[in-house]
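One structure below.
Each chain gets a letter, A, B, C and D, in the order it is written, and its residues are counted from 1.
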């Protein structure tokens, strides 16, 4: 029934003269999941990359058509599981837009705090995983040490470490834990101390810099044309931070900079993410002592019914722009729901970026794209 | 002073007194084979455990600690597991070469044990071209790797083997040149002579900066020759899954794995012999009292200590640095290491001729 | 000029590498920094926060009474069909018929720990337990009956 | 640029377009036949819609509407373009040469809805297997194995 195996069989036969077709994935140490790339090589030089998707496609969009507006939010954590909070936020936001619910100020601040913590956690994991792709195993553990603190904070307040389902239409599910502020402050302190380690081990390392600089170049025009968002586009100098250009929640009242690099190579994307972590810390520091008192959840009806119409909300996840497009017919379940996931568009630029470079460069390029496969496959 | 020299001499005398010379030689050979194989097994187990523990501690983990006290028997358990596993041979592989390759790699590693002086007078074969022998034999291991990569009928393996070939061939050069600098200084190719020349101080300390440079180059080059990170392009996990030994499993994989660690041990032993005086205790010029105290530490301990220090250094590299790209690897050799070591060799020669070393 | 650049290249490269080695060396010689947690040896000291979502349980007090009215709010809230409530009709002492639960079936194997049922419950009859060691050898064991045998609804809970 | 300006532009290049301003953004209904030329215009004209951030399709049972969310990185204005296509033989011109991101998005829509994008460079199934029957996101698709309904 499945001709996917046929494709694999075909590619074991070499292409034209001097070409070598290899399958990277679906089980490969560098693809972080079940991404399957069929790569045509000439020696070690990449001539063509063809992604084969669908190994973990769960048809979330179809699933959501049978889930109510409260229920479908939890599914979105299973897409980009590293920024599940932000996915939840985007979905809850879209429902709130349709219902015209005004959420309390406290909930807004908590949501922003959680989003930024998630962003740091995601970038920490990316940092470790990318260093591992380049053959340095140790930064992974150092990055996970800090990430673990965030996970503990999440566990305490939200009840889970990865797929939190903490955002609900109208606010957040619980109030923050009493220890939350103190723990976040401890994390900020530790992060600031330990972040120099990453610089020593990774950023300033000559081997690392040589591997990253001038590799996987994406021009500004191409980044826009390929629909790249997030750190991938910002590394090419495209200003696309949704938090800045279409502020949601309270992002218009906190001070932070949109990180932009112009080189467009892997190192630029790397620097964008590292500097973004510092900006997230800056946002957290501004907000952590200023969480307003009050309700954490607006009063909503038990059964949510969106009015007839179309609603779209955009949020900035750790990987880029996440869009939720709900088409409602006035029922309790969405008529059609579309998730615009950042990884999907970013992946489409991979072939353009990696063509003509060495096989080793592919890992550097793919590492800085920060692909999360469930996000691409949905 | 405690030494193994007495024991070896006693055994030899006893053998030659009891049997006729040809039988004595046969028995000696048997003893050497037994010892070498035993050393192989023990070294493999110890080094793998050491690697895992070093990695764990660098990575703020504990490492294996479940099997035996402090995880001591972890590698024994792993070996048992590997022995019991099925050794798969891919369908379209060249079966003869595929099965031969691990043994070639292993035999090369075993041959290299011959000239190494483990302690005073404890050497299998003190041949007069010891250094030459080592550089000649050590470049043979690339044949085994190429064989494995080619015979597996796997594209990843082939790429890994090709990378490995280019890498070992080029890094032989600077390894050879840095070894030459010690040959120039001591004026002999025989390892026992080189050790003897370090009686009043190790070459690393006696030879000024040029020897330190050649020591650094030697360490880098042998790291590359043994396919260790940051030069592990032949097996580059994130790029080629496992490189040349992707298709190997069971005991044949274990042989590759073991040979890698034995090779590390051997190159570190050579490094310790050439630069750090082998089994020679730490002697400083004319400090007679200090030298005398140092002599009380057995020579085997000196040798093992130095070797394991170098092994630790190489492991430390592995768990700190990212991997180089294949073209950067060759750049590093041809643009940096080779010119520097050539220039350095001239400096060393000048020092040796003018007798500027201590 | 070329030579100067060449030498500074080598110098900068080597120093950057040595800096990295100093960092890893620091950790190697400071075993106090080790963060490994030795599970399952540390089971006794394992401290899970009270909000941690391990599995859904129904709280029973010392009289073997629970607060579940059988309203099926949780069943409706669940996105995966994890909860199935079978109701029966009790006859109260006054002779009136009253709806009560017969069996509260919980499919742990389908549960995603989203917490929506706990939020939906009007009487706080169910809550999340912190137990996370769910592995069993038979899948049927993951289908659980949450109300204890012989239990009944607490007085005054509507 | 404001919606009025965008509308004024549309009336010059595509007089048949109809507008709907009830939502967050301006919705423009266009004819699928004239879409390709219009897209080229939108990308290159003064409106400078260079960023296609969402491309999807909705099954309205009577017809499909292909939805394009366009934005401009210079002016930050956003519009939604909708083109209705037939259920029986859904076909529309590709825009993958105008916005490169459309290549993958169109393949996804082709895969899950069966809308054919004419002149697409590589229109194959992206997610599902090549011999999969049916288009899962269509409303009339019945999943033989549905966990929730079981």
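Everything that follows uses one rule, which is that a contact is a pair of C-beta atoms (placed from the backbone, for glycine too) under 8 Å apart; a residue touches a chain by one contact, two chains touch by 3 or more.
Keep in mind that what you see is a predicted model, and the values were worked out from it rather than measured.
Visitor: Check every other chain and keep only those touching both chain C and chain D; list them.
Guide: Shared contacts of chain C and chain D: A.
Visitor: Measuring between mean CA coordinates, which chain is farthest from chain A?
Guide: If we average the C-alpha coordinates per chain, B ends up farthest from chain A.
Visitor: With contacts counted as defined, which of the two, B-C or A-B, has more C-beta pairs across the interface?
Guide: A-B
Visitor: Most central chain by CA mean?
Guide: A
Visitor: I'd like to verify one number: the distance from the centre of chain B to the centre of chain C, where each centre is the average of its C-alpha atoms, in whole angstrom.
Guide: Centre-to-centre distance between chain B and chain C: 51 Å.
Visitor: How many Å are there between the centre of chain A and the centre of chain B, using C-alpha atoms for each centre?
Guide: Once rounded, the distance between the two centres reads 45 Å.
Visitor: Counting only Cα atoms for the centres, state how far chain A is from chain D in Å.
Guide: 24
Visitor: Mind pulling the chain B residues that touch 2 or more other chains?
Guide: 58-61, 319-321
Visitor: For chain C, write out the residues touching at least two other chains, lowest number first.
Guide: 17, 20, 23-24, 35
Visitor: Where in chain D do residues touch two or more of the other chains?
Guide: Correct list: 148.
Visitor: What does chain A use to touch chain C in their complex?
Guide: 67, 70-72, 74-75, 138, 145, 148, 155-160, 163, 165, 168, 173-174, 177, 197, 200-201, 204-207, 302
Visitor: Quick one: which bits of chain B touch chain A in the complex? Just the residue numbers, please.
Guide: 55, 58-61, 155-156, 159, 229-230, 232-233, 236-241, 319-328
Visitor: Quick one: which bits of chain B touch chain C in the complex? Just the residue numbers, please.
Guide: Listed in rising order, the residues are 54, 57-62, 316-317, 319-321, 336, 340.
Visitor: Could you list, by residue number, the parts of chain A that touch chain B in their complex?
Guide: 20-22, 28-30, 44, 131-138, 140-142, 145, 201-202, 205, 207-208, 210-211, 358-363
Visitor: Enumerate the contact residues on chain D facing chain A in the complex.
Guide: Residues of chain D touching chain A: 22-25, 27, 50-54, 56, 58-59, 67, 69, 73, 76, 80, 99-101, 103-105, 108, 112, 126-131, 136-137, 141, 143, 148.
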